[in-house]
C-alpha cells in the first residue's frame, strides 16, 4: 500500500526544492507583517528552515492560521513562528514567535514562495520540438519535448512551454508565461505572466452552426482569444475563440479546472471562475466578478462588476453590479434561502396534515 | 498590456487567410438571398472585400443582423452590404445594399466561408509521426507531427489528423475528417466529414464495475463508438465506448466542449448537446433532440424526437417526443416557471406574515 | 454512411482479441455460479465461443440478465448459456443452460474477461520516448511513443505508460498501472494496479491565490497527490495536488470522466465519483461514499462513510454516515421528493384559483 495517511508534511523534497534558512526579520519583511518574539525562549539560532501546517510544525518551521475552522490547532502547535491575524495574536503559544498581519494567507503565500521559489525557464529548445522557421522564440525561453510551434509564432522572454504543447500559427505569448504540458493554443494573443495548466484548450472553433436545408452548417469562427496579463487558466478548461468579436479574459483573472468559456465571451479584470462553471457565448463579465463552481451563465447577458454567482447557479438574465445570486434560475442569496426554508415548512405541514387526515403514517 | 478591447474586427490576417473580393451578385448567389441595391449611391466598383460586425463594417464590408437584440446597430452601420431578414429590410441605411433572406444567419455563414475558406489537407505524413505499417493512410490525408496511428487503421481521403493525435488499432476514419490536436480515438468507426476538436477522448473504457468480494471489479467494455457522418465533437469532451452494445453519435449531431457521453448511449440524427452536459450510459436520444448546457440525463432512459432539455436540467425518466423540459427533476418548462413564481409568492407572504407576527422586521 | 445501427455484437474482432472456447464447467468455475444444464438438448460439443447480449446471442454464446428492465428479452433468447439471478432461473428458455448466481453482473464480468483478457505490457521503451537517465523503469514495463519520463521517476513492473503521457520528476508508479495516452502526472505517488484513462490531469497546481495589493497572488501548492492501489480515474478528469497537505484518492476508488478533485481533498476506500462531479478543496469523503454525476461538494466538509450524494446535488455542509441526499442545497432524498410534490400541488392549486379568479384560462 502506498503510505498516504501519514503525510510527510508539505514540500516533499522528492518534488519541491527548498532554499533558506531565513531569520525572523527576513520573513517578517517578506510577509509584510509585524514580528512578535516568543514570550518564552528566543528565536532559533540557525533561522527557520521551512513551512508546515500547525499540527506538524516544529521549532524551526513557520506555520499559519487563516481559517477560523482550524483555530483549535493553534494552542498545541510546536511551530517556531506562526502567521496570524491580530485577533489570534494572543493565542499563539508562548514558545512561538508570531507574524501578525491583517492578511495572514497572503503573508503565508509569500513566505512559502520564499522557501520554495518557482523554477525559472531553462533556456533552450528541446531537440525533439518542431518549431517553424518563421517563429521567433526568445533565447531565454524554454521549449519542452514534442512541442509544436507554428508559423510566425512569438514566444516572449522567460516563457516555459511544457512538453507536447501546441502553439499554432500566429499565436503571440508575452513574457514569463507558463504553458503547461499538452495545452493547445491557437488564434490567441497572450499577455505576460500568463499561466495555463495542462490540457487546457484555447482558441478552437466556437460552437456555431446554422440550420441549413440538409442539416447544420458550421459557421466560420473568425475571432480570436485575447488573454491579458497575469491570467491563470486551469487544467482541461476550454476557451473558444470568438466568432465575429474576440473572446477576452481580462487581466489578473483566475479560471479553475474544467471551465468552459464560449465564443465572444468577455471577462473583465480579476474575475474568478471556479471549476466546472460555464460561461456561454457573448456574455460579458465586468471586473471582479466571481462565478462559483458548476454555475452556468446563458449567452448574451451582462454580469455587473463585483457580482457573485453562487455554486450551481443558473443565470438566465443580467445580474446587477455587486449582487449575490444563487439558485437555478438565479435569485438573490437571501431570497433563495428564504424559499428553501418556506418550502421545507410547507412540506412538513402538508405531510403533517396528510398524517392527520389518514389517522396514521 | 495586450491590446484587447480595441478589436481588430473579425478575421485578423495573423490567423485567417482571406480570398476575394466578390461582387454583390456572387454574394447573393452564395447566400441564396435577394439582393437590393442601395437606395443612395451604387455598389462598390471593386466589389466587397470582407466581413465585419455592424458597428465596425465599412463601405466594402458585408455585415449582418440576426439577433433582434442588436437591431439598434443597424441604423448607424456603415456596412456596404447587410444581410437581414425581411422584417428589417426597410431599416437598412440608404447607403447600404441588402441581402434579404428568411435565414440571415445561414446566409452570413456561407458568405463568411466564401471569404475565409477552410484550409484543406496538406497531403503527407509528418516524419515524426509513428504509423503502423499495416495502417492505410490515404495519400491525400495530412498527418501531423507526433501523431500515432495504430495497426490496421484506415484514414480516408482529405482527412487532417492534428499533431499528437492518437488513432488506435483498428479505428476507421472516413473522408474529410478533421481530427484535432491531442485527440485520442480508439475502438471507433468514424464516418465522413467528422470534426473532433482538440483533446476529445473517444472510445476509452466506460465506467463499469461490479462489486466483488474484495472491492470493485472492472467489467470489460467490449463495444465500440460509432460516429456517423457530419458529426462535430467539442474540445475535451469524452465519449466512452459501449460495454456490450455500441455508443452511437447520429449523423449531423453537434456536441460542444466538455460533454460526457456514457457507454452504450445512442444519439439520433442532428442532436445538439451543449457544453458540460452529460448523458449517462444506455440512454437513447431520438433524432433532433437538444440538450442544453450542464444538463444531466440518467442512464437507461429514452428522449423522444425533437425534445428539448433545458440548461442544468436533471432528467430521471423518459421524455416525450417534442417536449420541452427543465428543472431538476425535469418538468415541462411552463410548470417549472409556474413553480418558481408560486414559491416566490408564498415565500414573500410567509416573510410578510412573520413580520406581522413579530411586529417588526 | 457508417453502418451503425446494425451492430456487429460485442467484441468486434477489429478491436478485441478473443480466446477460448471454454466448456460450461470452466465458465461456471470462473463465474462462481451454479450450472444448470439445458432442459432440452445438451451443451454444445465444442464449448462456448464468446459472449453476446440476449437478443443477439446464438447457441455457442454466453449471455446474461442483470437489469430487470430487460427481462422480456430472456424468453426469446437463443443464447446457449445465460447468467441469471435465482429469481430468473426458471425463465431461462429450455434450450439454454443457465449459470445461476446472486451476482450475475459480477459473473458476467468475469466470463467476459475470460474470453477477452486484458492485454499485458509489451516490455520496452519506445525509441521516441524521452526518459531521464535517473528514472528507473522496470524492464517489464511498456513505455509508448512520445512519452516523457522525468528525473528520479520510478515505473513499476508490468506498467503500461500510453503514448504522449508525461510522468514528471519524482513521480512513483507501483506495479501493473495503466496510464492512458496523454495523461499528465506530477507530484504524485501512485500505488499498484491503478488505471488512469486518457487526458486525465494529476498533480497540477491547485486553485489557490491570495488577494494582494495589486491583484491575486498565487499561493504555492506544496502538497502531493496520493493515489492508492486499485484506483481508476476517468478521461479528462483533474486532480489537483495538495497545497499544504496531500490530495488522497483511497484504495479501490473509481472516478469517472471529467471529474474535478480540488487540492487537499481526501477520498476514503472504494469511493465512487460519477462523471462531471466536483469535490472542492480540503473536503473529506470517508469510505464507500458515492457521489453521483454532476454533484458538487463545497470545500472543507466531511461526508460520512457509505453516504450517497445524488446527481446534481449541491452539498454545502457535512453529510452523516449512510445518509442519502439530493437537491441543491442537499437534503435527504425523501424530503427532496416530498418538497417537489408539495410545490407541484401548491402551484396547481394557485394556478387553479387564478383561473377561478379571472373566470378563464
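So that you can tell them apart, the chains are marked A, B and C in the order they are listed, and the count of residues begins at 1 in each.
By our rule, contacts are C-beta pairs under 8 Å (C-beta built on N, C-alpha and C of every residue); 3 or more make two chains touch, one makes a residue touch a chain.
Just so we're on the same page, UniProt names per chain: A, B, C = UDP-3-O-acylglucosamine N-acyltransferase.
Please read all numbers here as calculations on a predicted model, not as lab measurements.
Undergrad: With a Cα-based fit, what is the angle in degrees between subunit B and its identical partner subunit C, given to the nearest 5?
TA: 120
Undergrad: Do subunit A and subunit B face each other with the same patch, meaning over half of the contact numbers show up on both, or with different patches?
TA: different
Undergrad: Centroid from C-alpha atoms only, then distance subunit A to subunit B, rounded to Å. What do you get?
TA: 27
Undergrad: Spell out, as numbers or ranges, the residues of subunit C touching 2 or more other chains.
TA: In subunit C, 128, 146, 164, 182, 199, 236, 251, 258, 276, 294, 312, 328, 343, 346 touch at least two other chains.
Undergrad: Could you pull out which subunit C residues touch subunit A in their complex?
TA: Going by the criterion above, the answer is residues 128, 130, 146, 148, 152, 164, 166, 169-170, 174, 182, 184, 186-187, 189-191, 199, 201, 204-205, 207-212, 215-220, 222-224, 226-229, 236, 238, 240, 242-246, 248, 250-251, 258, 260, 262, 276, 278, 280, 294, 296, 298, 300, 312, 314, 316, 328-329, 331, 335, 338-339, 342-343, 345-346.
Undergrad: Under the definition above, what is the set of subunit A residues touching subunit C in their complex?
TA: By the definition above, subunit A touches subunit C via 1-2, 4-5, 7, 10-12, 14-16, 51-53, 67, 69, 103, 105-106, 108-110, 112-113, 116, 118, 126, 128, 144-146, 162-164, 180-182, 195, 197-199, 230, 232, 234-236, 251-252, 254, 256-258, 269-270, 274-276, 293-294, 311-312, 328, 340, 343-344, 346-347, 350-351.
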